[in-house]
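Look at the two complexes coming up: chain A is in both, with chain B in one and chain C in the other.
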Partner chain A sequence: MMTRVSKISSAQLLCLFVLSRGVLSVGYGAFTHSNNIQSTAVSAILAAVVSLLMSVPLLRLGRMGIHEIGHGIGRAAAGIYSVYFFYIIILTLTLFTVLRTESSGLKISIWILPIALLAAAIYGAYKGIEGISRAGALILFMVIAAITLLCLGLISNSSRLNLTPIGALKISDIIRESIIMVGEQSCIPAILFLYPHVKGNVKGSIIFWIMIVFVTTAGMAVFISSVLGDYAQTQSFPVYTWARLSSIGVIQRLDSVFMAIWAAGIFIRLSLLLWALKYSLRYALGRKVGRKICFGTVILLGLAAVIISVNAAYNETFRRLILNGYILAASTIFCSVVLPLLLLIRRRFK
Partner chain B sequence: MKKILAITVAVMIMLTGCTPIENNLDKRLIVQGIGIDLNSGNYTITAMYMDTQQPVGEADVTSSYAQGEGNSISAALTDTAAKVGKEPLYGQCSFILLGKGVTGNNIKDSLKFFTDYYEFSPGLKIFCSEEKAEDIMKSENMSDSLIKDFCNSEKSTGKSLNPALYEVYSCLAGNKGDIAIARLILNEKNTVLDGAVAFDGDKSAATLDGSECTAAILIRGKGDNIWDNFIESGKEINYSLSGCNTNIKLTDNSFEIIIKAKANLYATDPSEDTRSKIEARIESICKKTIDRILKENNCDIFNFERELYVQNYSVYRMLYNPAEYVRKSNFKVKAEIDLQAV
Partner chain C sequence: MGIFDNLFNKRQACPQNHGNSNPEPLLYSELAKNLKYMKSSFGNSADFTVRKIDLKDKTKAAIITMEGMSNKEIISLSITNPMMNYCFENTDASKIDIIEKRVLSASELVRVIDFGQAFTFIMSGFTLIIVDGCDIALAVGVQGFSFRGISESETDVVQRGSREGFSEPLRINMTLVRRRMKTPDLRFETMQIGTKSKTDIALCYLKSAVSQKILSQLKEKLRRIPLDSVLAAGYIVPFLEKEGDLSLFSGVGVTERPDTVCGKINEGRIAILIDGTPSVLIVPYLFVENFQTLDDYSNKAYFASFSRILKYLAFFVAVFTPGMYVAIAGYNPELFPGGILNKVAASVAQTPFSVFTEVLLIHFIYEIMREAGLRLPRPLGHAVSIVGALVLGETAVSSGLIGAPTLMIVALTAISSYVIPDLYPTVAVLRIAFIFVGGFGGLWGIIILFAAVLVNMCSKKSFGVPYMSPLTPFSFFGLRDSILRLGWRTLAKRKSLVQNHRGCDISSQEEENDDKGE
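Let's look at the complex of A and B:
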């Protein structure tokens, strides 16, 4: 695989990861029916510590070079990563489809938006990580602007009386939220494939990313609780409900702006995942298989993901299985900790 | 060439908003407000909708009314739309009026549908009435602009209480305190705003007049623009309050309420005596309102239980019946008014 490697800066990596992880937080409620969104603020502390520890083996493996997974039994590991990224693509598309069907009344076929999103993301993955990260930085700027606008519009609605005292938060909720938040760190396994494509301080970017994600999540959880109070407990998607309340002067229902920018964020996340899937497949299938066949497989898997996710939106059992926080956490921990540790041990004994 | 193609595709996608023809506004039932009555388990919906057949000039958009029935809110709304023969659009709905049979019953059940259905904004305002919602909705002066004025009355006059759907439902779901909702009545075929109705849980329990609404707003510390006047020693005192900031201190079985606000005087001498009279007036109406609404009617519309929960959870969690504890507590009200030159 002696090809020119296009590189992004560590700051671009940070933007890409912040956006890719942040879009999942909008779907709060999809993975769990926790009684109190505020417990997420406490869970964020636990999840941040676990995430930092989780990223260590992959950073170490990435620094040593990923040629380890290019041959022998390492190809099986690359295959497992391919399956993982495929699962995360299905999960992301399911989340998108579920939130869209339950929160808006678009009178177009349910297939059109996921297919359009997938087509755009495949094009993004085809253009490479440089293009994805540039678009990501731009969309991240829009996301920050939109969230700031929403917060300004809702600051007068917040009240300290809507908050729950820390002592009243349930430990079971905090633990469950922590597990789900760890599972949502699905960008961590992508570090392995991104490492050779990043110039600069990758470790610093990852630490900074984890800090930003969890500080923002905790802050937003407290703010949303202070606005919605106990109403949040009655809503399937409290973050979206919070956005629906926002208005600035005569401009009302800012949730449409929010949803459009969220969909743009999903596009970046999908592009990154498809790109990672493409690379992991290339390692798993070996040198003999051409790039075009690899990319063709990515397109086919993408289409399969759309079919699965759209069907999951209407099938409660299937949907619960895909959006199961515990399966997500177990698979993320396996791909972030167990698999890299096995590869590191194998390398040492070699 | 690529850029031109990209722009052309983007423009083509963006210009499809008003097609197909079924989406045209005159083909839709654009609901502005919904009145609900309940009789023997049967809901009657009176929907006020935008009259899109009339030309719109400088005057207000005119409204028409449609009615439907059903054994659930959803069924009654479907029946209403079916009778007009248009597809409903609830995104513009700005209020819900809980009418006869609903206020005395279970308002949580009646509001549940509106919290679940995505088209209804969680910010839409709730009103209630002991009279039939249908009569209020079809009163002579009823219009969208009148309701918009009523929706703003808490902030513009301080003589009513205007909670939004999410605030009402949050209170009902949390079960730590009670809600008070603006009350509409019929006065010679015209709809007027008349204080509020306090609920004990999800059933109406007492009515509040304008000054009691003022007291509730002041205790909650939300007063932005409250107008009041009273006669003391034969002299009329006219004033407005703004910038209200209330601090509630909890001690053993006692709530100390300190209300700070700025007062603007109108046709009244700004003196130390006036200031103390306004303070005495505020303390008096607040004390009377707490006694009548909380102690006599068991409605905690002042967020006292919530204050206890947030400020002193270690005490709260030990209580068998926190609502009863709050009701039996002592309340001291102190007003500190800063007179402003007009």
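Let's look at the complex of A and C:
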């Protein structure tokens, strides 16, 4: 029977990517221990340029499709992407577990919420990219509303005096954070598998996405610095601390609402990654392997990711290894630039 | 032309009907054989009535009816009398032709060639005339069974608008629609479903507005229904949803109002009228339609919009409030304003149960009372309400078993859930689910379940139209009659057809796949 490819619009792709990337910003501090969050605002400019360049090879490769590269090498590349998505899933779950432990005093087993989140995300991946992207658009709306509410609640706390003059920012901090921010662009490799499912201007969406991400990151970094000042330097998660200070009217704490909405964003990110993992695995394992076996493998890998991430949350060394910004940046650059370039060169000489 | 004419013509046009593939045997030319076959088929059922008559030329004939389904007076005046008094001339013409063209004056006459058709017509209230020597019978439309008259629907009540609601007979319902849409563009297509009940259904749509792909998909799904009997609209609904769809939300709407049906078909939707039930199904059906009522279009636009927003808020209150209350009271009490926090804390301290147990308990008691009140006769229903309100509510609070804030939350959610009656089953189940996750996982649990439900809703399609349209995929144009209801001057400028919604992908293939090139 002929089947059709489910499609999403380029606007939906944009929402999906903005949300998937945006949720990582809340975990600022998990990847880096910069002394000044304000340096992120300057790093964003550098990271934006690099991200734009990084997306070019994948956009070219995505248009032709990984299956056109060649049977053997195409499968090998898909295998590498599977490993990469698995790593990013572990990283996302670890970030979720760490921040959850930090932000809420829920007296329940540490396993319950990551498993529940994974189960929901697997369901999302099962329902397909259309469902994920549409839900993502609504959740993005909620996240924007929550951030606006927090900003309104904290606008009176912000002060220009809290900001550091640009000249006083350390170059090493700016470069380090630029590298980490590039690493956080882990949605870029997913373009390869998403490309056939998007109708409309994919290139435009990606460019617009990079612009939005870095402009909002820079803006938020300045605003958070203006609220927290030097206090941010003593906090493990400055964005969460910033949210904790917010109050509106009789409601004195908004951080738990914000963190819950952030969890919805993490759900969309995980669903997207599991969906990408499913596709990369399908290419890697070949057509002979049935869909059910492939999806079963995704579930098993998901469970393995939960086990690793929950253990990482309690083991400092393990956690630092997983949330290492340099490893993240290196793997993202490899999967976004090096591997696609190799595949493009291989195709040219084929 | 009546619906049975359509049915008949369709069968006659089909050459196999006269061939060997027809499972029903053809009528015999001998009257005795026909009667013997029919009597043996009905097994001498008490309502199977045969009136044997002799025509003036001594030819034997029989008038067959089902007791209570035909009008005896009309049979006597319009069939028996003229047939017995007519002088048949010696012509080459068949007697059945003469009876059809010269003797009977009935407006609805159908030729019947096999026993299958004959049985269907008899059991639909037609009178069958069989003449000895003819292998064709005549079915005369003289239905006279009694039925409930046209009255206002009790489930679809409006403040302003028609008081007419659908009734049980299909033809009456078709007339109710036709009277409101006086255009040849309005089409009714009839089918039969249910191998034993042979329930007549009619697809109702506007030819110029409907999507032919959706129409053919619907027909295909209806043809494939494997049921023996179809006794209510709910029997068909699961077969119109996508196979394996476990969503709590339905992509098939139900109404008992002809004016609602007219409004829906004007937007390209298809109504399915089912004989024997006043419930009419509507496809495709979207989430936002659950919040639309006919009154919205009778009221001023500003009030209709206000009422719509209120309904959306009521939906959120009905689904989330008890779960959120449990989560906040249990894990994040800092979210309560100071004054409320003191009251909740005092209430929790005075009652023996946890907030989670209290909310769950009260909800189950409420659902039991609702279920009891629903099926009981009205006077007893009132008694149940009094017992519920006074004995269970008042006494439970005053005796310190249940906290007053909990009771207020349950009352608020119960009232809110009645604002959107179409979604009540969904709301009731989701509410309990959210109480559980709120109790075990706090706000985090609620948001994770919410995200999963949202993906379920967002991935759902009703005949290729995204269920959450126009909210997502977002359409600014679609907002004019979803969350808001703009004025008629604006709505009249451009017609919105359901198949033109953004993200709509009407494919004849049932199977959907994410994979490229497969």
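By our rule, the second predicted complex is superposed on the first by the 345 of 350 C-alpha atoms of A that agree within 3 Å, B and C clash if a C-alpha of one lies under 4 Å from a C-alpha of the other, contacts with A are read in each partner's own complex, and residues count from 1 in each chain.
Just so we're on the same page, contacts are C-beta pairs under 8 Å (C-beta built on N, C-alpha and C of every residue); 3 or more make two chains touch, one makes a residue touch a chain.
Quick caveat, the model's predicted, so the values are computed rather than measured.
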Exercise for the section: With the two complexes overlaid on their shared chain, look at chain A and say whether chain B and chain C clash or fit. Expected result: clash
Practice task
Classify the contacts of A:Arg269 with the two partner chains as first (chain B alone), second (chain C alone), both, or neither.
Solution key: neither
Exercise for the section: Would you check which partner chain A:Arg319 touches, where first means chain B only, second means chain C only, and both and neither mean what they say? Expected result: neither
Practice task
Going by the touch definition up top, name the partner, chain B or chain C, that contacts more of chain A.
Solution key: C
Handout entry: Touching partner for A:Arg21 - first (chain B), second (chain C), both, neither
Key = neither
Practice task
For A:Gln233, decide between first (touching chain B), second (touching chain C), both and neither.
Solution key: first
Practice task
For A:Arg176, select first, second, both or neither according to whether it touches chain B, chain C, the two together, or no partner.
Solution key: neither
Problem - Clash with chain C (superposed arrangement) - responsible stretch of chain B out of 7-15, 133-141 or 313-321 - result: 7-15
Handout entry: Footprint overlap on chain A, comparing chain B with chain C
Key = 104-105, 252-253
Exercise for the section: Would you mind writing out the residues of chain C in touch with chain A in their complex? Expected result: 331-332, 334-335, 337-339, 437, 440-452, 454-460, 466, 468, 471-474, 502-503, 505, 507, 509, 511-518
Handout entry: Interfacial residue positions of chain A with respect to chain B in the complex
Key = 102-105, 107, 160-163, 165, 167-168, 228-231, 233-235, 241, 244-245, 247, 252-253
Handout entry: chain B residues touching chain A - in the complex, by the definition given at the top
Key = 23, 91, 115, 118-119, 121-123, 166-167, 169-171, 173-174, 176, 303, 306-307, 309-310, 313-314, 317
Completion exercise
Listed in rising order, chain A residues that touch chain C in their complex are 1-7, 9, 12, 65, 67, 100, 104-106, 108, 112-113, 116-117, 119-120, 123-124, 127-132, 134-135, 137-139, 196-197, 249-253, 256-257, 259-261, 263-264, 267-268, 271, 275, 279, 282
